[in-house]
Structures are given as C-alpha cells and as structure tokens.
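The next part holds the structures, each set out as structure tokens.
The following pair of complexes shares a single chain, chain A, combined with chain B in the former and chain C in the latter.
Now for the complex of A and B:
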C-alpha cells in the first residue's frame, strides 16, 4: 500500500488567500517596573508588562481564560503617585507609570493576604498558594490557631447580620461538610478562597449557565447554588469548567477526590497526552491524564483557540467507556 | 459547498460576526463548545436567530425563534429569499459578479408568499420578514445547521435552499460570513475528506474523473473502479435485493442507529456474511459472523481527525489498548495480507503521508506541522501554506477566479410519513447534552442529569390524551410500536413529540422511524415520523423488537478475547 512518494499533483484551482482583518495596531506605552524600562501595547495590564520582563507576579483569582475580577489582591504592586496598592492583573498601564513589585509595602501586603487566606481555609491542595506563602514567609497561624467557625453546614443557613464568634486569639476557620451530591464532582468549600473563578467560568466568561454565585456577606460569603440546593437540583450542566479553573482543590472531579482521599493520587506517576475528544464534531483538544493505565482526569489546554480550556460534560467526564473492561483494566 | 464538502468558516469568525442563524441545530446541547463561540459573539452584540421545531436551550438565547413545522425548511428558506428579493435587499453586485442562475431562482421562490409560507411552515409572517431583513442587512452573517436540515428525505435540497440564501446576500467567502454544517461526530468531516463517500476519492476528487483516478491507480498499483459506489441506503437496498451478500461494518451500530430497526435487522439477517469491527460487542456485533475487536481511535491509536472547521488534528495513543484489541490500520492491512495482498504494516504517519501525496488539499500537512500548529484547516497545498481560515474568497476576487457559484432552485416537499387521524403527532429526534448517539460511548459514565428514554410531549397534547407526566404509554408508527413513559416538555408545541436515540435498549426509537431516504445523500428521514401515543397500564417498558432480548440486554463491555484473525506478534502492531 505504501509506495514511494509521488510528486504532489498540482491542484486544479488554487485560490488566493482569504483576507483576514488584522487587529488594529496598538499604541506602545512606556513604563518603568523595578527600575527597568518596558514598552507594551496600550490596554495591557501591569501584570502583562511584568510578565514581559520575566517578573514572576503571584496571582490567585486571575486566569488566562477569565476576565480579571481582582478580588484576591495577591498581585498588588506599588504605583508611584497612587495612595493605595493596585491590583496588577486588572490595572491597565499608562505612559510614564513607575511600578514597584517587590517593595517592602508590596511584600507585606502580599504576605498578609496569604496569611488571611491560610488562617481561614485549608490550602493544602493549593500548590500555587503554598509556593507564594513560602516566598513571602506567610504563616498559617499568624492570627492564632484555626478554630471552626460555626457548626458544619451552618454557613449555608447564615443570614446577613447574624455573627458568631471565635475565642479571642483564635482564627476563624471555615467548616464543611464536603458536598458530595452527584457522581462527577465534589465541592469542598473548606478549601475555597472565594477567588470567583468558578463563578466567572459558570457565568459570562465561558459557560453562561449561572448555576453558582457568591451568597452571603462578610465571613459568611460563600459560593452557592440558588438557595443552596444540591447540584442535581440546580442549573448545573456538569461541564466541569469551574473545576478546571479552581486553584485550591475546592472543586475536584470525584475520581481525583477519591484517589486523593485514598492516598493513591500521584502526579509524578501520571502522563498527560493531548488528543481530540471522541464525541461531537467540534474537535476539542483533550489532555488525558493517565496513572497506572487508567485515565484519571481530562482537561483542555487553556491556549486552545477551539476550547479556551473549556469542555462539556461528555468531554470532561465521558472518557470512562474506554476503561469499561470487565473487572477493570 | 461547491465541490468540497465542509464548513466555510472558522469558530473564531463566529465570535466576530454580526448575526448567527442556527437552522435545525441545537448547538447549546449538541455542540456545546461551538456554542461558547456563539455566546462570545452575543456578548459582543451579535444577534442570534434559531430555526427549530422545538424551543430548545439554544433558542432560549435567540433574538428570534422560528418554530418551524418539521420538514418545511424549504418553504421557510424560499419565503425568506422571496422577501429579501422583493425588499430589494439582495446583494446585486455579488450575484452579478460571482453567481449564476439568479433569474431562475428568483422565479422559483416567487410562489412562496409570506401568507402561503406561514400556513405551511407554521412560522408567523412577521418573523419570516424579521429573519429575512436581519440576514440580508447584516454586514457579516454565519448560517449554521445540523441534522435538523439533513436528516430528511429532502436533506440535500434543504442544504441547497440555505446555500441559496447565502449567495443571495453575499454571505460566503468573507471574514465572518459563511455557511457551516456542524458535524455531529468527531470525524464525520474527516471520513468524507478521506474518501469515505461513494463518489469521491480522498480529498473530494471525483472517482469518475479518469485522470484523478489514474494517479491513485499508479500509487496503489491497483485498479480503482471507475463508477460511483453505493451509499448506506443503497447498500441496504442491495442487501434487500440479495445483491450485496457480505458486509464489513467498522465502528457503526446500524442495528440501533438505522431508521426503521425492524427492516434494518431483517436485512442484516439476510446477509451471507457479516463482519463487525468495533470496540464493544454492540448489538450489531452480536449478530456478526466475525467480530474484529478494535482499539479506541482517539485514545488507543495514532492518527488524525477533522473537525467542523476543517481542522485536521492529531489524535494520539493515550494508553495501552486492552489485550487482543487491534489498531484499525493493522486490522485492515492484516485482512489484505490474508486476502493475498502485502500492504505491510504501515504506521498511521506512513498512511497519512501517502494520503498527502495523493490529496492536494492535504499535501502541506505533515505530522510535524499538525503538531506544531495545533492542527491545520484544509486546504493546505504545501508545507509553506498556513491552511485556510475560510473558504471561497475566490468568489470576491476581481476578476473572479474559477467557476461561478450556482443558485439551485429547490421545491418544498412534505415529509414522506404523512400525518393522518390515525397518526396525528409528528415525532422528531435529537440529542441530549450528556448523551451521544446510541449510547455506546456515553453509556460508560454516570451522568447526574435526567437520563433514560421517554417520549416528550407538550402538556396540552398529553392532557388531551389523558396522560400525566410519568405515565406509561405505547408509541405506534406505521412501522412499529414501542413502550416508554411520557414526560411533559415545555420546548414542544401541540402536535410535536420528541425522543432521543440514546437509550435504544430501553426504548428503541428507531423501531418507529422511517427509512425513506434522500436520493441525493442516502440519509434517512429520522426527523419526521408520524405517530400516535396511547396510554397503557404497564409500568415496566417492554420491547417489540426483531432481535432476541439477549442481544439487546448485553452491556457494552470491551471484549478481551479476539475473534477472527489471530493476533500477530506485537512487532507487527503500529
């Protein structure tokens, strides 16, 4: 069947290249970051400019496929002439801006943000956050010993104005329980830092399903379905795009969650191979994570122009048929 | 379109268009990530019109929903065309520059007045006018369709009716303007591209063209039959005539996926020899004389697939296949060897490189480039060619390059299965978000969404039949009868029922559907069945199926023991 390559026959008709409108050329803006000069496109953020200089700026609520909501404040930088520190992820650059990313004030602020999060949330499955904590010497007990705030399950019932207290010198810590109400993914809000990424992915930035939003005020603020109903009763369509963007492991595929709980999740033994989803004809790139000859997770590359990292229920969870062998593989 | 079957636009163009028309497509559920691109366009201010008998979750996002009666797409399209022409909104410059046959077309749509169309297709005249003006006046417009257009006995004519609209307004061959069939399966596009069509060699080269055929004969050192082959519907007819006696089925489950199951199964039973190559022992494989256990194409084997935006993309072996399962290429080559032809055991890449030497539109797509560029959109003529974001820009070149695009006047015909007092309800079929085709793949994971088989009716119809949500019913068509339960569905209108094909073991929808097919494409009229629904007392659904219960009850598990040709040494595997 395979013969020596033939000279390719000439196509009978070779049309001209289609004209694709070019994006308007942007004005360059010059600024100074940590004493270094840089020019970037108008409309870029300070974070973009930092990254173009190779300055590693911590981010938690920012994600490449989401609109910045600038809630976590871990990316703050000092801008000359500005009274308050500014979130680099969403502040556009302006000409002549002078930025400091590693001043004492910035370091202190970043450390405090991390310590506040660590005092109230279980960050043990948040690798980025733990790395930042080490960089900025943030301690989880900076505000005292973590103490459960309220009874398990009480947060969903909390009403504005009702406040509970923790002993003096102790840090209020968010209490579960872990929400397991469907076969596909688990919600463990003890690990939630309220970065809003899941809300954005479920909402306007990707899925437009709006199954979840932030409910409550103050320390009782939490990610919730409407009236805190279970996921099967909610508008959720199980695309798992919220799971994909969660930076702390608060949202996790059930398969990964149970492996982690059982102590068998081991990323050092996992391979990640890119292929194409086997369902409809859209052609979504699928990265399949395989451990011990079993697919344990499916993701999609954030830089894919087809998916921007998003999938549907079939793409994200529909791979099980491959390993539906009697008695397992 | 105009020679090469593929969508003309890219997904990123959909994000930058001004108007999206989804015609016979519930992309929100059937193509969810494509719909993300539509949503991005809507967020930027684009308008969306949805033409669908059901008020689907896609229609929920629309500026206008045209609730068309099943099978009247040509009525609506021609009425839209007439309105555009009579309002003087057609693109005269484009029509003159790049098309042929406008006068005859304009004449052919003249009888499709708004009043006449409203009475035939059920869409209010005001909405027909609204769609006509929105489409004609948009700077850029993407017209997209799915099986709601093609799964009719007039499927090809339906498509032509939509292409006519695009030509009328010059909405093709420009950035952000195009005509796009959204492909239902991950490699439907690639299958056609590779020549899995009865009249085409790979790269959409006509099998009847002696010069083109000669190139393949030289490369393959074998004779290529000079006449068009049979498509699926013709194959079934040939089987029924006893002319086609042996069938080799690769990755298809016709026992459950063919319309009119009763007829399909009895036809398959009449074969002398049936070979099925699949990953599961499907009901079709259960009937086979020989089963060739295959690897899962995109998970256990190397190769390429082509998406709805003509993007050829690499699929890779993610994991080892189960023992005994063989790569598709290996099986085909081994079969050839046992039939006395030594094709060796080429790798997927070697097969692809041979294709590139014979199909000009794929010539520039080396594996290295496909991997580096994240896929390439055909045509791609050489290794310096980036692939085409959209097709048919030639129609706008001045002077025009290549032949003019023809208008194709088409005439509306009613569905084959008529509604009568005995069969008063129109049953149409489609897909649910979390399921897929006959469930061979999607049955493998647990979905928290409402799953299973039921017949969906609007509340008015159900109440008139004395049915409440959850009642057991029998559904009867002119071909068969099944039992299932009824569910109220607010997306439906009186006279319209809906079922999926996902749970054929529970409710074999295709026992009801009609296998009258489009003479031009061979696609059966899955979308338009005449039925009646009757209440029954039994709560447990049972089947009246032509196969033994045993064959249908078998769960889809991977077979470990190879059947048929003996496995060769691992060295022979690709």
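Now for the complex of A and C:
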C-alpha cells in the first residue's frame, strides 16, 4: 500500500534526560569570492562558501552523501596565490582567501573538461552535464567523431601503459558492450565518466561491500569487479546504491533501462510519493516514482538522516509485489 | 566487508611465494593498514613466481591480506610490469622511448616481434613474449631492454645496449632454463646467463655491471673531474665530482670500502651537530630538492621535525622514471651506502624511526645493491635499534615499484607503498603534515639525499660556495642522445648547456644540435640559439624552463622532432593514472592531435588543431591533480613555440 506523505507529527513527550551540551561554537573564516565577502564555518569547502553566496558551481563527481574525490575537475576555481586551479569541492576555505569562480581560466578549464568528457563517452543521459555544456558552450564534436577505442569488451583486458591507435581524424571513445548480467541493473560503461561515485558508494562511503573498484590505468581505467567477472560472480549485494549515485545513467535499474530503450520512460508523466519502506524496522524513507499508476523506480532522499540516500536490495528493488496483485492493477 | 572469493586455487609455487613475503613492522601502523601495505610486495611475489597474477594467486593474496578481490585487482591492473592476463614466464620489455628511438630501438622491436610474435600475444610454441616499454633509465647505453624471467632471482635484468641476437639469445637461455628446471624451477641468476646472452658490453656498462671490480679500463682510473661516470676518459672541465666522487672507486658491495672512502663521516658529524644542528646546517646550505620541484630541503625536514603527530617517516624517491634520466640509478648502483647513510641522517634529523626507499621496478641491479647495503649496515649496527651506538633507532625498507611513472609523484608513491592504486592525492595537505600512512613525511629524491652528505661533510658555508647564489652545490646532468659520450655529468650550477654538451664530447656528428630537451618528457625544448642557457634553478626559471630531473637529451641536426613529440605524448597517455579528466582524456587528445599534425593530416586546419592543442595544454596545466598532467603538454608546447615544429603544416 502506498502511504501519502504526511506533515511532520508533533514531537512526542519524552522523559527528562540529561542536558546535551551545546556544540562548541565554530570558528568563522572570512574570504572573498568574486569580489564579495563571505564568512563561513571553519572546515567548509570553497564549494560550500560559493553555495552560501548563491554561486552555482558545476559538479560531477561531488555528491552530498559521498566524500569528495575531486577527480572530475569541473568545479575548479581560481585562488589567488595558487599556481594551478583548485577543486572547490574539496579545498577547505582559509582566512583571507581570494577566489574567482568565473575568470577566463576557470571558464576555459570547465569547458575543456566537459568537451573532453563529451568526446569520449555518451553523455545523452547525463542531464547535469548537458546543462553545464550549454552554460560553458562546450561542443561535443570538438575533437572529431567519437570512435570506438578497440573491440567491444577489449577494455576489460587492456594492459596498463599499452595504448592502441584509432583511425586518423577520430577521437578515441569508450566502447561497451552494455553489461546485462543480472535482473536488477544494467551497466553501460560507454556512458561512464569515471567519477568514482559508485566505487565510493559500494565501498567506504556506504555499503562496505567493495564489489567494484577502479581497475586499469589512464584512458583504460574502468570500473570493474575482480578480473571483470559478472556481478552475480562478484561480491555485489544489489543494494543499488551505485545506481543511485551515478550521474550519467551508466548504471541504471533494469526496469528504467528497458523503458528508456523502448522509449516509454517519461519523467513528465511521473509523480513522486514519499513513504517508509515496509520491509524491516529501520524505517528507511522511500520515494516511489510512479508513471501511469505503476511504480517504476524507488529511491531514498539524499538528505534523509536515516539513509543518506542509500537503501538495500529490498527497499530499492522489492516493489514489484505491490503491482503483482491477483488480477493485476 | 564480506569476503566473496572467486574459488580459484593458487599453485604451490604461488603459495610459497606468498609465504616468503616478509611481514613488516611499521611504527604506528597495524591491523588492516599494515596488511594492506603488503599488497605491492605480495603482487610482486606472485608476478615474479609465475610471470603473471593468476586468479588463484590473487584470491590467495586477498584471503591472506583480508582485502576485497575487486580492490586487489584494481591495484594489480594498475602497474605495467604486472599482468592479470596469462603470459609465458619470460617477458621482454623493450624501450622505445625518445632516446632509445634514436639508438635503433625500432629495429630491435621489429626483430623481437619477428621472433616472439605481436606484443603480448606469443604464437603457439613460443614461451616468451615482449612489450614496448617507456624509458628504462639506460639512456647512456641504449637501446635498452628488461627481461623478466618468472621464478628467477633476480626476477628481471637489464640489457643495455641490447642488440637483437644477444637479447634473443638471453631469451632462449631463459626459456630453456625454465624448461630444464620445469616451469617452476629456478633460473640461473644473471652472473651465469649474462655472458651467454652477450648483453654485457665491455666499456659502456663497466661501472654498473655486476662484476666488481670492473675487469679493466676506465672505471678504476677515471678521474672524477667532470667525467662521465662510467665512460671514457675525463673531459676537460672543472673537477667538481662530489656527489658521484665515489662511483667507480668504491666497491658497491662493501661497507668497509665505503668507510675507507669517507663513508659514515657525515653521520658522525650529524650526530655531533644534533638534529637541530643538522636542520640549521641544511637551511644555511640553501640546498634545493633535485627531484624537479626545487623545494628547500632544510625547510621540508624542519617542517616534519616539528610536527607533533608521530611517528614520522622519511622516504627516498628512487622511482626515477623521467625519460632521459638515469642519475639515481648510477648513484644506487655505484654508491648504494651513500643513500643508506643519507637516509639515516634524514631519519635522525626528522625524528623518524623508519625510512622507505621506493625504487622503480625496472632497476633490478640498483635494488639488489641497495638491499645488500641495507643488510650489511644492519649487520654492523648502522641500522637498527641503536644506530652506530649513537642512541637512536632507524631502519630502512626497500619497496619495488612495478612500472608506473606516476608513482614518482610523492603522494602517488605513498599510495603505492600503502597498497592502494598509485593515484596522486590532492594537495594540500602536504606530505610534511599528512604523508605516508597519513603521518608527517619527508620525501626526497636520491640525488638530494646524496647532497645532504656533502652539506654535512663540508659544512653549510663551504657547500653553499659551490654553484650560484640561489642554486648551491652541484647538479647531476644525464646527457643522452646525439652526443659522443653520453653519461652522468656532475657540474656546478651555472654551467651552460653548451658546456655540458662539450663535456660529453660534443655532438656525435660535430654539428650544432637541432634541439635539446631539458628536464625529460616533462621538461622543455630549447633550440640551438639557446645553448648558452645557464643551468641553475633561477636562470632556468627566468627563461621559462625547468631543470626538472636533470635530463639533457640532445637531438642531432637531422632529428625527427615531430616523431619525438608524438612519442612523448604517447608516454604521458600511457602513464596517466586516469584519475582526473584533464589528464586522462587530455593526454589522449594531445597524442591524437600530434599524430595528425605529424602526419600532415589535421582534422580541420593545422591552425585549428594548434588552437585545440593549446586549450588542452591549458586545462591539463591548470586543472590536473598532479604534476604529471600539469607538465604533460610542456615539451610539445615548447617545441611549437621555440622550435617552430609544425609551422606551416607538418614539418
């Protein structure tokens, strides 16, 4: 049964308990961003400070529920006194810092990062990236036609430090095939920008399963299970937390993938309903995405203090019984 | 973490290889972190034993070290000297980098390919395979090759100069020896194999050949005067050999020989000065790091020494992989105790009880000599709980790299030692506060450490009198390419490029060079009109150059510069760790663009392609995580700007 979202209930009466000491006052750090002064808590990142000023900074590998890895470099800013640009997502602010988020250098680097990504992977299911590309006038064909780099599947066997050639006039692009080796999700690494989010979610930041890691090196670096075995042969527990954090649609629930391939996925016809997972006593908040009266996807809010956006296999994929009632619905 | 294993079984050889991996004690490191630090040595053990990392071997490693298979696979598949695909037990790595390319490596590759089939895929019945390799650090005697033989000790050996018949002879000996002993059997060590292979050419390789003393010739008699260490009679020039003074004169296998030539005097003086005195001496000496960044060594050590967090570590960065650079190899092969002593002083001054030497995997002889030196120092009480009776503890572990240029980046090097993929970390925090095992760490290049001995032995003032005001001391220059006597030349700072070339016997054809690549692949080209460029940190900076690793690759007047640029671009593409977008994709696009320009087949127009190159250079320089990406466009950029390569289309 689907429970409609309720207004927050009044806090219940609690027995008296010892006073919780107030948190220590945080030291404020003041800095200047694009000529504006701002004070933020010590330990904040430049990105936090930018956001507190309403400066919209592009991010791809950063996610609110993951440790910043600063690998995509689309969030770089110019910091006075720093030779190179600085990743705003992970650099803590310091007193007196002078930051420029929209200088010529910053705009060029951001555009180039986007063009390099668009020249090597299929970004058609990466809405954020496409929006940034428009903002920074990044072209998808800046380096010639995207051309498969090797035979399908060859990437899993690539030796580190042994590059292959593509025909002249072409830009080497990541080649598949789409990996469909289980019923719950699909891995289409032709769309992978190697943001490390799935690896973090599978490992230290959420699930602690370590079924996937980055393997190989350079342009052949790839997300892989051990020896590229199929997911059922790996340590994967199908929590789908990797799917939830993927920003480009490289990882996708099988149901969504087949609807998209069939052209029936239509977010304009979808509604989101908040509920609580019915499986166990943890009480994970669920958001059920419903299209044409059928649940097509389950997620959890990233800002939920219970889940931080993570779920288990049951909460994430175990909704089919709802719509498999006798006689159908 | 739930361990989910692959159910593949290791062989007995692999089990034994893992049994032999030494358990370590690292102060302040325990449990999972300590086990993880054994990942790289364990992967080496497996790869050395059977020639590749089998599923069963990997699984056994994971079980013993309690590490997830996907994570271990991620590490194993990072390094060029490891294979996670089946390989025969003999693998030849043939250098085809910029210098060896001018010394006939292409012919060598063709002949090897004829005998062993395509790279990495030997035809049926061939029990050896081969790969093209980036610079092997033998540029003074190329073309070079490295032959890895599974089950042998040492696990690989260098062949330089390598000619096809000799190299294939060595391969045949290795293959038949493996067959005679059964696949698992031991393969004779180099001492027996080398003469058969014909790989030790008298003369060129004397000083660093395994035999000691060298049979005859220049080694014993060479004056240290600015002569190339290891080759020929000394050239004219000021006698400045200090850092390499002992190379060729000292027996690298004898602590007594080292002490007889002044060894361990610096440590005694260091102890007399006390840790604070050593730091003060270093600061006054104005010694700058020789690894490329020219950071003041005294300031670095002082920063570590005053960090309250404990323990502290010292690391010698011996992952010398910059194309055209071989000075650290010479120092470690020719005077290994110097590095041991210098690192001991570093430990004493910074309050570290443990030091690591991270040697590139392509340097088997340097590794063996260093390990031997450390063993002797330990046996004589010069390493251990009470160093030399001076009342402090210090020991050294050697870590072998496994074929990854990026691991020369200090934070990537830490990750590699810790058992992670050799991906650089974001800086800050800097290693002096958060370094190896997240502890304060002083990491120095081998040459820098050897300079510390000079500072302590001579005294800061006398040391600072050498060289120029800002660049004190001497510098080792690795001269290779189109010169008569390639080698390592020690020169005071302030010498000109032309003078160094002169000391190396001038260009091999007697004509002005077409160009000189200063600082290796990450460096910059200068043209024939700039040969009076002075070589000091400040003059180089003033000219928009960098001394980098001290490599000086000379291109003859008829050199094919476009091909060299394409090779350098391929080097960065192959060696990028793949972590950040600017470098991972930028190095690929740069390589593609340069290939097109070199072939005279630009995408739109050459002008448009040159603009694209500039933009790639900008994003790599500005937005890459580490120095590899930041420097990846430097050589090409300088060649375009200073030498006009590709002006008016292809050259």
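Convention: the second predicted complex is superposed on the first by the 305 of 329 C-alpha atoms of A that agree within 3 Å, B and C clash if a C-alpha of one lies under 4 Å from a C-alpha of the other, contacts with A are read in each partner's own complex, and residues count from 1 in each chain.
Assume a residue touches a chain if its C-beta (ideal position, glycine included) is under 8 Å from a C-beta of that chain, and two chains touch if they have at least 3 such contacts.
Quantities reported herein were computed from a predicted structural model and do not represent experimental measurements.
Touch criterion met: A:142 reaches chain C, while chain B stays clear of it. Touch criterion met: A:220 reaches chain C, while chain B stays clear of it.
Shared-chain residue A:70: touches chain C; no touch with chain B.
Shared-chain residue A:160: touches chain C; no touch with chain B. Residue contacts after overlaying the shared chain place A:172 against chain C, while chain B stays out of touching range.
Of the two partner chains placed around the shared chain by superposition, chain B and chain C are both touched by A:208.
Under the contact criterion defined above, the residues of chain A that touch both chain B in one complex and chain C in the other are 208, 237.
Here chain B touches chain A in the complex through residues 11-12, 30-34, 36, 39, 43, 173, 175, 182-189, 215, 218-221, 280, 296-300, 305-309, 311, 313-320, 322, 333, 336, 343-344, 346, 350-351, 353-354, 356-358, 360-361, 363, 374-375, 379, 381-382, 388-394, 397, 401-402, 433-434, 436, 440-449, 556-558, 560, going by the rule given at the top.
Residue ranges of chain A in contact with chain B, taken from their complex: 1-3, 5-6, 8-11, 13-21, 182-184, 204, 206-208, 231-232, 236-239, 273-286, 288, 290, 293-295, 304-308, 310-315, 317-322, 324-326, 329. Those residues of chain C that touch chain A in the shared complex are 1-4, 6, 55, 58, 68-74, 77-80, 83-85, 119-120, 131-132, 134, 403-404, 421, 426, 428, 570, 573-582, 584-589, 591-593, 595-596, 599, 601, 603, 612, 615-616, 618-619, 621-625, 630. Within the complex formed with chain C, the residues of chain A that make contact are 70-74, 76, 84-85, 87, 90-91, 105, 108-109, 112-113, 116-117, 119-120, 142-144, 157, 159-163, 165-166, 168-172, 193-194, 203, 208-221, 224-227, 229, 233-235, 237.
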